[in-house]
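First chain written, first letter: the chains are A, B and C, and each begins at residue 1.
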Amino acid sequence: MGFIRFSGVDFHYGPAGSSAVSILKGLELELAQGEFYVLLGPSGCGKTTALNLLAGFERPSAGTIVMEGHAIGEPGMDRVVIFQGDDSLYPWLTAQENVEFPLRMTGVGAAERRRRAATWLSRVGLANHGQKFPHQLSGGMKQRIQIARALVCDAPVLLMDEPFGALDAQTRTILQDELVSICNGSGATVLFITHDIAEAIILADRIGVMRAGPGSAVKDEFALDLPRPRNRGSVEFAAAYDRIQRVLGEEVRKVVTREAAA
Amino acid sequence: MSSASRHLAWLALRVLPFIGLIMLWDAAARAYDVPVLFPTPFATWDKAVQLIGEGQLQSDIAISLWRIGVGFAVGCVLGTVLGLMMGLSRPVADFLGPFVHTLRFIGPIAWISAVMIWFGLGETSKIVLIVYTTTFVVLVSAMIGVMTVHPNKLRAARVFGARGWRLFLHVTLPATLPHILAGARLAMMNSFMTIIAAEMVAAREGLGFLIFNSRQWMEVDAIFVGMITLGVLGLLADVLMVLLTSLLFRRFRPAAA
Amino acid sequence: MTTASRQSLLRSAFAVIALLTAWEIAGRTIFIPAVLPAPSVILGETWTRTLSGLLVLDVAMSASRILVGFLAGSLLGAVLGLLFGALEPVRRAFEPIVQFFRFIPPIAWLTPVLIWFGIGEMGKWVLITYTTTFMVLLNTLAGFAEPLRDRMRAARVFGAGPWRAFWHVRLPATVPWIVGGMRIGMGNSFQTLIVAEMLASNEGLGHLILNSRIQLSTEGMFVGILGIAVLGIAADFGFRALTRRVFSRHRLGW
């Protein structure tokens, strides 16, 4: 049995039993401990929704989500989230203070807090920017703050929602490589969301491709046992890309056709 | 261009329009040709000097500023507390909402008569009016501020274990502060208008009284002194607010109004 | 309606009824009508004044004053705002002056206006125009802060001269700001109305409020306050409905 397990999960907004359209229907998902799992899917299919359920921001309308044998409850430090975009950073706190924030909430002493935050800031390459406020930093640097803020928690599970989605291609590539080296051997279980196939192949142990919504679920899964760091120019990379593209492309085409008809 | 001459040019650009305005005023007053009803800038200046010499202008300024200061401070606290409560709690918003949304359309000046009946002709009635105008503006800003805190800010803090009081203190309040500050700045401006109205209807001192009392004696030069003082004070108060905000609340740059 | 919004409505209704009841009881038992007239007394007074035609006259006069001042101020504010926004040197020269006058409220102009424009309608129009002009002017100027460089460049690429680019790109983008300023200006007009009617007048809702105090007719004063509130809410509602229709291509935010 998996470390994390979604069984028959349905989700729709509004009270249980209401007639609203299901965003997720019969979602089955299993993550092994220490696994890096990437969820791919056309935009609007319900990837963020699935992550919100695991984080505990929303409750399933039906079905269960279990982690280490216990049903998922309130959000907590055992499942830390890296959010899409930079709205979750606190603009009134410096980069350093943003990274200290989780430690502050858990009552870690000031000196210890400062030390641990500084360590993570320099690991994500922000050693010289700790005293700056988020608005003084570039998009890539803001995402690094979010990554440092999540990793400082030492959480067993990391939930990342398109963390590099808004970045330019070069910055994204660099951050992907950094994430691989940080996560390698950290032992954390990761649920990573993206709509970028190349990103998924660079990072994942396993990839789940979701169906176009509404009533979405995982359509197909791909295991990748290529050695890391992975080479974007390799034959294996291209082969994996091609296989996944066939499945995902079909779902994206459904969305495009539907939008054109609407 | 050297930095000195650039400063000079900047200064000229700020000052010249006002010199132009004063010249225009002078020309208009001379054309009108009834000095009592439309005094020139120089006559107004002489009157100001006289009023300052008698000590009247200073004391009028002091009393008006005192009323604004007290009312503004109380109103800011009241507006912030009520606005936060309405933003945080649906039942509180439901209970107070109808009154807030009706009173929003009734400015402080509409209450002048009522307030004087209830609170008399003393200091209280003037301060109450300033409290009223400040409270509403700050309340609405604070409420909107709370309701527009990005959900991911709250979600992140909940992940880190913050709940209830800590969530409010560490996320909701600081995220709302820029809105409250923007509201306070607006309220300060309204206070100047309200105090003049209040002092015109019932007071024996203050800038509003200076303006109103001079009307009875047709001392238009004194009225002009009062008006210009009001403009300068308002402008200074606004600059001071902005300055203090950027000093004390550097982290919380006010939201665009 | 969802259960949540029905519950909200119930709570609001309860609050209003509770307050009106408490007010009615307090007005009948604790306070004399000259201090706090009960809602029923105010309603009766409203009815009497409606029948006698006095209230209709007050509302009509106040509404006409606001309408004239509001329209004149909107036009003036929009034209000046566009002029300032379009011509940078003009803005630089005049903006400090505008900023200064912003802090001299209409009420301070009461006597000069009385002297220069007399006790007729003109003085009242001038005061309301003054208020509205500032709001519309400043809001229009704020609209120019929105960077439209690429859109303006696109227009130039397609062969538009500066004048056409202004007309077809800048002006449409500024419309929501002008209309937004008008809405704020209308709110302020109702405050200024009372001030304007301090200027010798024999009718109008502001006059009713001020005069009732002298006559110790507190219920009359409340009729004036409620009249202004109802008129203000109705005007705001009407303005939003109308502008939504007229400016349906623009995102007005209401």
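FYI, a residue touches a chain if its C-beta (ideal position, glycine included) is under 8 Å from a C-beta of that chain, and two chains touch if they have at least 3 such contacts.
Bear in mind the structure is a predicted one, so any value in this text is a computation, not a measurement.
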Query raised in the report: Linking chains that touch, what shape results: line, ring, star, complete or other?
Result: line
Report summary line: Contact-count maximum falls on chain pair B-C
**Report entry** Between chain B and chain C, centroid-to-centroid distance (C-alpha), Å
**Finding:** 18
Query raised in the report: In whole angstrom, what separates the CA-based centres of chain A and chain C?
Result: 49
Query raised in the report: Once bound in the complex, which stretches of chain C touch chain B?
Result: 7-9, 11-12, 14-16, 19, 34-36, 92-94, 96-97, 99-112, 114-116, 187, 190-191, 194-195, 198, 206, 209-210, 212-213, 218, 221-222, 224-225, 228-229, 232-233, 236
Query raised in the report: Okay, in this complex, where on chain B does chain A touch?
Result: 150, 152-153, 155-162, 166, 170-171, 174-175, 177, 251-252
Query - Residue ranges of chain A touching chain B (in the complex, touch as defined) - result: 55, 57, 74-77, 79-81, 83, 85, 87-88, 90-93, 101-102, 104-106, 133, 149, 153
Report task. Provide the residue numbers of chain B that touch chain C in the complex, in ascending order. Result -> 13-14, 16-18, 20-21, 37-38, 90-91, 94-99, 102-103, 105-114, 116-118, 189, 192-193, 196-197, 200-201, 208, 211-212, 214-215, 220, 223-224, 226-228, 230-235, 238
